Amino acid sequence: MLEFSLRGYSFAVLFAASVVCPTVVIAQQAPPQKIETESAEVSGTELAEEPDQELSDRQIAESAALAGHNAWMLTSTALVLFMTAPGLAMFYGGLVRSKNVLSVLMQCVFLMGLMTVLWALYGYSFAFGGDGPYFGNGEYLFMQNVQRTWDDAAGAAITPLFGEYPAQIPTLTHMLFQGMFFIITPALICGAFAERMKFNAMALFSILWGTFVYCPLCHWVWDGGILTFGGDHSIAGGALDFAGGTVVHISSGISALVCAIVIGRRRGFGHEDMRPHNLTYTVIGAGMLWVGWFGFNAGSELASDELTSSAFAVTHFSAAAGVLGWVIYEWLTSGKPSVLGAASGAVAGLVCITPAAGFVQPMPALAMGAIAGVMCAFACGTIKRKFGYDDSLDAFGVHGVGGTLGAILTGVFATRACWDIADGSKLGVIDGGGIKVLIGQIVATAVTWVFSIVATFILLKVVAALTGGLRVSEEGEIRGLDDFDHSEEGYIIH
Amino acid sequence: MLEFSLRGYSFAVLFAASVVCPTVVIAQQAPPQKIETESAEVSGTELAEEPDQELSDRQIAESAALAGHNAWMLTSTALVLFMTAPGLAMFYGGLVRSKNVLSVLMQCVFLMGLMTVLWALYGYSFAFGGDGPYFGNGEYLFMQNVQRTWDDAAGAAITPLFGEYPAQIPTLTHMLFQGMFFIITPALICGAFAERMKFNAMALFSILWGTFVYCPLCHWVWDGGILTFGGDHSIAGGALDFAGGTVVHISSGISALVCAIVIGRRRGFGHEDMRPHNLTYTVIGAGMLWVGWFGFNAGSELASDELTSSAFAVTHFSAAAGVLGWVIYEWLTSGKPSVLGAASGAVAGLVCITPAAGFVQPMPALAMGAIAGVMCAFACGTIKRKFGYDDSLDAFGVHGVGGTLGAILTGVFATRACWDIADGSKLGVIDGGGIKVLIGQIVATAVTWVFSIVATFILLKVVAALTGGLRVSEEGEIRGLDDFDHSEEGYIIH
Amino acid sequence: MLEFSLRGYSFAVLFAASVVCPTVVIAQQAPPQKIETESAEVSGTELAEEPDQELSDRQIAESAALAGHNAWMLTSTALVLFMTAPGLAMFYGGLVRSKNVLSVLMQCVFLMGLMTVLWALYGYSFAFGGDGPYFGNGEYLFMQNVQRTWDDAAGAAITPLFGEYPAQIPTLTHMLFQGMFFIITPALICGAFAERMKFNAMALFSILWGTFVYCPLCHWVWDGGILTFGGDHSIAGGALDFAGGTVVHISSGISALVCAIVIGRRRGFGHEDMRPHNLTYTVIGAGMLWVGWFGFNAGSELASDELTSSAFAVTHFSAAAGVLGWVIYEWLTSGKPSVLGAASGAVAGLVCITPAAGFVQPMPALAMGAIAGVMCAFACGTIKRKFGYDDSLDAFGVHGVGGTLGAILTGVFATRACWDIADGSKLGVIDGGGIKVLIGQIVATAVTWVFSIVATFILLKVVAALTGGLRVSEEGEIRGLDDFDHSEEGYIIH
Amino acid sequence: MKKIEAIVRHFKLEDVKNALSEQGIAGMTITEVRGFGRQKGHTETYRGTEYAVDFVPKVKIEVAVDHERSQLVIDTIIKAAQTGQIGDGKIFVSDLSETIRIRTGEVGNEAL
Amino acid sequence: MKKIEAIVRHFKLEDVKNALSEQGIAGMTITEVRGFGRQKGHTETYRGTEYAVDFVPKVKIEVAVDHERSQLVIDTIIKAAQTGQIGDGKIFVSDLSETIRIRTGEVGNEAL
Amino acid sequence: MKKIEAIVRHFKLEDVKNALSEQGIAGMTITEVRGFGRQKGHTETYRGTEYAVDFVPKVKIEVAVDHERSQLVIDTIIKAAQTGQIGDGKIFVSDLSETIRIRTGEVGNEAL
């Protein structure tokens, strides 16, 4: 009964909200609030639309700067969405049995819809509003202070800007770029409970997890919260996290492990044939993730400058070394280099370099990728077998383990030669900065682990209570989720 | 006999043309014509190649502006081609039966070749040449006044530029970006007659439709013709159409409906199993379309500025709300959320926001997407069943219905806070601009409907006469178009 | 025994190297070497991070220029990786039998790892270090003089820049962009020996080929070596090669032919059914290659300016004409237009325009694409059958033939109206420059042919000796490489 | 009871099924097969390479019927599946010693 | 020797295989088939278009056994595959005149 | 007439087909099947998870021949398909009561 009522109706609320909100916001629109945390100003380009007005050299240069940075950031934003679908959808979709392939694709596409709507309504505000230690505020609710507004005084549309002059982008762009992270993070978790979780439970869990785990974590690390590097409220000095080692990968990887354990193993796990039904998808998906990750990591510079190129380079190198690391480890230990290993190694290398992308040099990046390739192979093989949990697509083995490695190694390899983030003082161990940064990294990692475990556990219990259990019935699991949850089939030959 | 002679020979002409033309053009090349409609000038960057010459601050700023805007526009151009193949090719390819999958992919790839050659030879000129009310002129035939030319006086190569100073891009870039629209629009129509139209008929129809429907419409709406907003020749004030609601989606969707009706239903329609043979392709293709659409809509700003970000944001939001709208509608009415529904909903949301992308705020975009998701689901389900036409892949149900909705809702939600297109006066109903804009939208939509219906009907009759019938034989339809038209098979396991 | 020891162990060395190198480099890091060939300087953007410092108009304009050019070049870099996987992986993967599909995907992904690590360690240095006539030097070993360094005097991180002021990009970006070429070139060769070469032999061959064929060729053509246009050491004036006609396509295509002949035909060649197992992949892959090629060719301008747009346009036009050329040729000669022909024609057109992209006008590009479409169709059909070699996926027929055509036609169609590379003097035959450039193109093509044939032949003999034979066993070939080399299966339905 | 196995062309499946249904034949089982027969040995050329298509895709229809109706089934199939071109396929008839409906355990003609 | 062919539901395959294994049945061969029977004729709607799912995917299990154990095999299959719903499938039993193990050339019951 | 069904390894199909052709056997029908026999029960490990590959892919060859040539066919298949390793497969022989060529309506040995 309760499950039934939750089926579509819980979403109907959102749906209605998205119809009602415009009116609300429009009613409020009249006086554009002064945005204090960001420097918002009339942009040069808009003025240019009045052709009679003479433009100064500086105005042209400023609008050119915005054009260049915005071009890269919008491209990066598109690349990060590209990671979720088609990228992750193919990578994960290929790994399940054919009877569940659509359910996995659905998780990706549905989350692209669901998480985006949440982000628009309140997510961005909860993550990036204000600079309190624990949680965002209402500053950006319903895209206020993000969207363009009409300024009667200037007689023009004005746009809030983000970033330090002169490398500025519209706050809209920042919101979009970060919104793509809000989509992919819960999608990564889906790898842990693939092939057995109910669709409505997955949807409800993602709403709650995004709101109560992702938004706070994002605020802690990237918006002046308790884990921000050198922030006012920082614990142990905070963490260096360039593109989401803690926020995205540790959080999703650890939560994934909790999900796998709480939900339990798939029926037949350990003896039935559960090999990937379409490794070609997995490899193609891995290639797409690699390409998209350039947006993820190099985009996290939030501008198109020299550090952007550096972040791009180390991302690429770590992925490459990850391929070699995993494949060679496997070749030596099991006698054959596997295609799945090559694809997984690339992802492991990418995960590991994520927090470090703006802080480490190319050669350390090769080392980080290689280490991640080997360690994640070990985690997905030996460790998983030893403990017997069923992390279906190795969300923990790759993102949890790789993310944790990356966070810690960032403390070892970070250097001011990449990003002089601390006013000229040395950063990581090898840079000569001592163990201060390393300790900050370890503390932040520990905080993220504990928070993710506790919060995910509680949320799963809540979801189970509200939806009448997290798993599909035994019959559903045997028939496959595609048929059971969606009445569809992945492949039909006729 | 006639069909036979048309088979390859009609194309041989084009083929020959493409070999002959260079000479023609080269012969003309000597005096570079003064381009009057666009401000063409020696670009700073080129001068920079003379290292001894001192560059002013302004020249550096100008070349920097061109670099930034061009970077985004070329990226957008690539993204729009990406929409046709792999995007639409996978989306549509997955929806047909396996015996017809190659024929659908062929339509996409072949049109990428065919329409591009037409665009290069005369399409761009017919669409964007001059500013007459009805049709373009010969200004850009064979890429004259678009391509770079050698200027003897300056002793340098010069490049025609497009756009208002200082946000300029090479006219070449504008031509390329618009050329991608010329490809995808007829490719969208193919969804209506999939699985039964002859390949040569499809090719001939696309040539005629591109020339006699697309080029005029494009000129009407975007080049000072009878539907240009605030243009000299505008009917009812013209239409706001940021990225192709009328030009691309209404035109293709309505023409699709006419095609579906004229060509008739597929053999076995209504009782044989015609379910999509590979929904994984459809979902992956939808993901690609979503990503590519950022280029389509945000690229339509033709620059990388603040409005670009706004257009990007509302595109993303509408797609997301479209997913939720369709899925929830289906969940409530038929009891299960389908994966096809999620994919279709995304596309519906994207179609609907297309004309509005530069004119509406984020919250209205959520509303537009949700409305489109529900209405297109209703159109593809209830309406199609009720009238019994066989729009195989729902080109009308999604593009026709979604495009029409989008055009009208733009009149409701457009605001000068996004684009101050009318010198500070208010735009849509909710902006407080009254119903003036809304009426312009409705009129433009009606004109596009009528024109598309009449023209497509006539062109189909012409094509049928010239090729001996639009449909493949009954045997061909049973065996499948892949075998019949191309002697190939999509999938072979060995 | 020897083969065994080579299996994984030869890679273990690389692996170890990537862990050891950081320390080496970090030890050297202290005094940042003065880079003489490129103008390296403190970048404006970095200074901007000191908010108290006043920025001049020029500084803002310079950082804006870097932002714009870098945005395009990083996008192009991502696009070129996108060409290898998913692009080429799908294109080639679809062409083999299903039992070998993973082996082909593995070649692509594994080479993404392997070649990148080589490029980081020494490849970029050997290709682009110094300006000697034959080989690079150690200038960029381990990314020295490429990566960012800390400058104690300035108290800031500095970044080596590349390119002529003011269109500069970080050397890191140039290294990344060129590194993607280093991946795809050996991956192209894999098409010739697909379905029968041993994995370890393929890996070893790629290492040697990259080092001893690609690096020198790249240096000859693009870094002041013996084939550089107008270079100090140039033979016959050097070659115009905008994006890799000689360096990438002729070299890989000719080497592919040698591989196909030395390794011999597949078992059953000429009578067993070896049709492509999944033409949908091939078509989708072709679409991806087309999109990615915009990065390849237009990115080769190494900036975002007017010539970038011109290169983009001719690339697109040639691909389109290639589709028509191949399809119509086939339609006329064999009675049916094939989907494989359309996909192959696009690639043929793209290959042919590659060397010419920055030098020819749109109409000649149509001619070049059409010629390439027809000639490559003829090469893959008639010529291959006549000589009886088994170039499995037509790496020679498309890249060797198309690349050679492109190099020669560049000498015919190149014009200073596109790129005034020779201080105002006319270039190709049709431009009125006489046959000087044409002869340079023919000589460079001949040199590349001879060098590729001899070097590849020797390397294959070396690899055969070290790995105990280039081919898998007969049983391995029958069972398929996926099972034999990797113990995996492409598709499993369950 | 008899088991009738017919190997027919793919595009005739729909017709055969409908013809049998009309005759009141309530059940059948279909398998995708590849056939080799007189229709063998044709060579095709793909991108310049010849290959022999030894096996052509066919579909196998299996029908279990009681003795009396077996000839009817055979005739019906022949009529529906014939094109007169080489490769139309074969019908093989054999005896069934028993038939059981799993749902109910019914045996013999009742189970059909 | 008897050949027992059972057409069963996909998701029962695992159960049937395990039940037969427990009874000591050492071998079987499985084929993907599509069935048409009473379970036919249900129509579905996809994006507003109706279609009849005439054929439902089933799996065919073939087991060759000696005479004595044929009834045991039949009973075991019925027990494992029954759901009581229309579409449970059929079992067809026929005689084998010979059985040979290719590896050894053994014939008859030894070959099973 | 006899129906000879052989379950063989995939990579032996080409050899068996050629051997039969040489003996003048003009037709056969091939089906993809999955086998379960002595070769069963091997476990593999994939990313740390064990699973049993119960079913191995095999190919079934069906040949209808006249009585006289049935032994020849059996011997030919054994010779071509044998590797001596577990999993080589089985041959099952049964009687056909009738054979019909659909194209012509010919029956009996003529239809083969």
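Every chain is named by a letter (A, B, C, D, E and F) in the order it is written, and numbering of its residues begins at 1.
Heads up, the rule we're going with is that a contact is a pair of C-beta atoms (placed from the backbone, for glycine too) under 8 Å apart; a residue touches a chain by one contact, two chains touch by 3 or more.
Chain labels with UniProt names: A, B, C = Ammonium transporter; D, E, F = Nitrogen regulatory protein P-II 1.
If you're wondering where the values come from, they're calculated on a predicted model, not measured in any experiment.
S.K.: Just to be sure I understand the contacts, which chains border both chain D and chain B (Ammonium transporter)?
M.R.: C, E
S.K.: Can you give me the shortest step count from chain D to chain F, moving only between touching chains?
M.R.: 1
S.K.: Using the touch rule from the top, work out which pair, C-F or B-E, shares more C-beta pairs.
M.R.: B-E
S.K.: Could you tell me the distance, in whole angstrom, between the mean C-alpha positions of chain C (Ammonium transporter) and chain D?
M.R.: The separation of the two C-alpha centroids amounts to 53 Å.
S.K.: Based only on mean CA positions, could you tell me how far chain B (Ammonium transporter) sits from chain C (Ammonium transporter) in angstrom?
M.R.: Distance between chain centres, rounded to whole Å: 32 Å.
S.K.: Counting only residues that touch at least 2 other chains, which ones in chain E make the list?
M.R.: 31-32, 44, 54-55, 94-95, in rising order.
S.K.: Would you mind listing the residues of chain C (Ammonium transporter) that make contact with two or more other chains?
M.R.: Where chain C (Ammonium transporter) meets two or more other chains at a single residue, that happens at 57, 60-61, 64-65, 67-69, 71-72, 75, 272-273, 275-276, 340, 487, 491.
S.K.: Once the touch criterion is applied, which pairs of chains come out as touching?
M.R.: Between chains, contact exists in these pairs: A-B, A-C, A-E, A-F, B-C, B-D, B-E, C-D, C-F, D-E, D-F, E-F.
S.K.: Flag every residue of chain A (Ammonium transporter) that touches chain F in the complex, lowest number first.
M.R.: Going by the criterion above, the answer is residues 269-276, 340, 344, 380-385, 390, 394, 397.
S.K.: Along chain D, where are the residues that touch chain F in the complex?
M.R.: Interface residues on chain D, with respect to chain F: 2, 6-8, 31-38, 54-55, 58, 60, 74, 77-78, 81-95.
S.K.: Please output the residues of chain E touching chain A (Ammonium transporter) within their complex, sorted ascending.
M.R.: Going through chain E, the ones touching chain A (Ammonium transporter) are 11, 14, 44.
S.K.: For chain D, which residues are in contact with chain E within the complex?
M.R.: Residues of chain D touching chain E: 3, 17, 26-32, 64, 94-103, 105, 111.
S.K.: Within their complex, state which residues of chain A (Ammonium transporter) touch chain B (Ammonium transporter).
M.R.: Touching chain B (Ammonium transporter): residues 7-9, 11-12, 14-15, 18-19, 21-26, 29, 43, 45-46, 48-49, 51, 55, 57, 60-61, 63-72, 74-75, 77-78, 81-82, 84-86, 89-90, 93, 101-103, 105-106, 108-110, 112-117, 120, 142-143, 146-150, 155-157, 159, 169-170, 172-173, 175-176, 179, 199, 281, 482, 485-494 of chain A (Ammonium transporter).
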